[in-house]
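After this come two complexes, each holding chain A, first together with chain B and then together with chain C.
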Partner chain A sequence: MTVKEFADRFGLKPLSLPEPDREVQGGYCGDLLSWVMGRAGADAVWITIMSNVNTVAVASLSDVSCVVLAEGVTLEDGLIRTAEEKGVNVLTSDKPAFTLASEFGGAV
Partner chain B sequence: MSEFLNFHYDVDGENFVSAGQASVELKKVLRRLGFPPETIRRLSIAMYEGEINMVIHAGGGAADVDIYEDKIVIRLIDHGPGIADIDLAMQEGYSTATDSVRSLGFGAGMGLPNMKRYTDEMRIDSTVGEGTTITMTVFITK
Partner chain C sequence: MSRFYYDFHMHSCLSPCAENDMTPHNIAGMGSLAGLDVMALTDHNSCKNCPAFFEAAPVYGVIPVAGMELTTAEDIHVVCLFETLESALAFDEAVDQRRMKVPNNVRIFGDQLILNGSDEEIGTEAYYLPAAADITVDDAPAFAARYGGVAYPAHVDRESNGVIAALGTFPDTPGYLNAEFYDQTKREGYMELYPILREKRILVSSDAHRLTAIRDKSVWFDLPDGAESPEEIRAALFNVLRSEKGGRDTTA
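So, the complex of A and B:
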């Protein structure tokens, strides 16, 4: 499933979608960045409430397919531009991380 | 093969927010040179963790990257406080980072373990009061 299809299917709001056709494969949930870099696989969906410039950098360097910000967390405008420039897809949802992970489970 | 490409990056110790510039630049270079995506991912993460460590603990430093046909060698050099107990520092979960660093999502005690995880060889040379040099090598498999 592509990131665009993934966002549509689960009602996730795109904040930055420079690479909508990337495939989503697996997932990881966490807010400590080194854990994410150590555990999330390439093309994973990464669910987090951590929203700062380092989040965008880690998403880019770890090569995840998209970040899903839970609990209605968003990116400030400057960071949305950074994410777009770095090719990082960022989606947001009002739902908690646990609910999102349980919904995504099995689909990716 | 004796010929190689060398890239030098200065890591700014003052600005935590801009940490990662060298890793992003390295990623671009490796992409341009056509290395496999997983190799790029491993090197990018190892470099980023090293960069973050230099910003958190050492007030910045420098990174030299040598790109050979069959391997890539990253040398991270700082003149920070040094690492007193390397075995302890290598343990997952051990960290001396401050609360303000932790609030940014770092300081989980996974930086050095991740650098080891994603590289084929890693060597730490450190002297307390003088600084630390970390040499990481990733071999290119064809």
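So, the complex of A and C:
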């Protein structure tokens, strides 16, 4: 499944979608970026509520397929541009992380 | 130059996690015994015991600085210091509007006591103070600066609520000038891992939550001679804190 298909299927709103055709594979939940680095696998869907500029940096570093911001968290405009420039897909949803992970389970 | 021994990170009985005998008089008295010249009171998301601390500190010959340990939206702890008590209280009011209002469960978290200048209880804070405020780690310095304050990440060498643990590194933005270490001996190791810290003025403080955690004098800053009154010394200190770290850092 591609990120675009994934976003459509689960009703996630794209904030930055520079690489819609990337494949999603597996997932990771976490907000402390020092933990996420080295734990979120390549191509994973990363669910978090952390929306600092380093979220984009860590997503890029970990090569996740997309970031899903839970609980209605969004990126400020400057950060959306940064994500687009760095090729980081960022989606958002009003649902909490647990609900999202339950829904994604089995699908990615 | 004149040398001032400092500790800029202390919690009073207003912080639920601090012991109730962390009263303004006890803190200043203990600081004086420890040889400290300047002490900042930095309760979680509140400056409401700073007025009492400003009354107590001079009794023991300690120069007080009004402060707060702000919990940012990312759960990162940021020390905010103010040149005057009045500006700290204005900042306190602004943060109050942006705090997450979770009622404090005294049995679980502890008391949040507001005292007067004689260490008498004059009130309690109803909402759990350490809960995150709706102010990001990027916005904190500008927010504090509106009140003449200086903000910098607290205990960057600690896993819990430290900026490096939360963000994975010491962030480039918003260009913090200072950074706090809890453990002096970890400085070099962190500098190796995060070279950006070499550009920051490093302040070492105890984050004391109980009287015995207030450390004997060990770290200082040097200020040009001429500052005599507490106001002048605070003004000279804030001149340092607001400036880029110089080639010759005058703190140690």
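Criterion: the second predicted complex is superposed on the first by the 108 of 108 C-alpha atoms of A that agree within 3 Å, B and C clash if a C-alpha of one lies under 4 Å from a C-alpha of the other, contacts with A are read in each partner's own complex, and residues count from 1 in each chain.
Just so we're on the same page, contacts are C-beta pairs under 8 Å (C-beta built on N, C-alpha and C of every residue); 3 or more make two chains touch, one makes a residue touch a chain.
Note that the structure is predicted; figures quoted are calculated from it, not measured.
Enquirer: After aligning the two structures on chain A, examine chain B and chain C and state clash or fit.
Expert: Clash.
Enquirer: May I ask you to name which of chain B and chain C touches more residues of chain A?
Expert: The partner that reaches more residues of chain A in the superposed model: B.
Enquirer: Output check: A:Asp63 vs chain B and chain C. Expected answer is one of first, second, both, neither. What do you get?
Expert: So A:Asp63 only meets chain B here.
Enquirer: Taking the superposition on A as described, I'd like to know which of chain B and chain C A:Gly87 touches: first, second, both or neither.
Expert: neither
Enquirer: Give one of first, second, both or neither to describe whether A:Gly72 is in contact with chain B, with chain C, with both, or with none.
Expert: Neither: A:Gly72 stays clear of chain B and chain C.
Enquirer: Who does A:Gly11 touch here: chain B (first), chain C (second), both, or neither?
Expert: A:Gly11 contacts neither chain B nor chain C.
Enquirer: Applying the document's definition of touch, where does A:Val53 land relative to chain B and chain C: first, second, both, or neither?
Expert: Touch status of A:Val53: both partners.
Enquirer: Taking the options 19-27, 91-99, 109-117 or 163-171, which segment of chain C carries the C-alpha atoms that clash with chain B in the overlay?
Expert: 163-171
Enquirer: Under the contact definition given at the top, report the residues of chain A touching chain B in one complex and chain C in the other.
Expert: Looking at chain A, the two contact sets intersect at 31-34, 37, 50, 52-54, 57-58.
Enquirer: Give every residue of chain A touching chain B within the complex, in rising order.
Expert: Residues 31-35, 37-38, 42, 50, 52-55, 57-58, 60-63, 86.
Enquirer: State the interface residues of chain B toward chain A in the complex, per the touch definition above.
Expert: 17, 19-20, 23-24, 27, 37-38, 40-41, 44-45, 48-49, 104-106, 108-111, 113-114, 117
Enquirer: Can you list the residues on chain C that touch chain A in the complex?
Expert: My answer: residues 74-75, 136-138, 164-169, 171, 173.
Enquirer: Along chain A, where are the residues that touch chain C in the complex?
Expert: The touching residues are 31-34, 36-37, 50, 52-54, 57-58.
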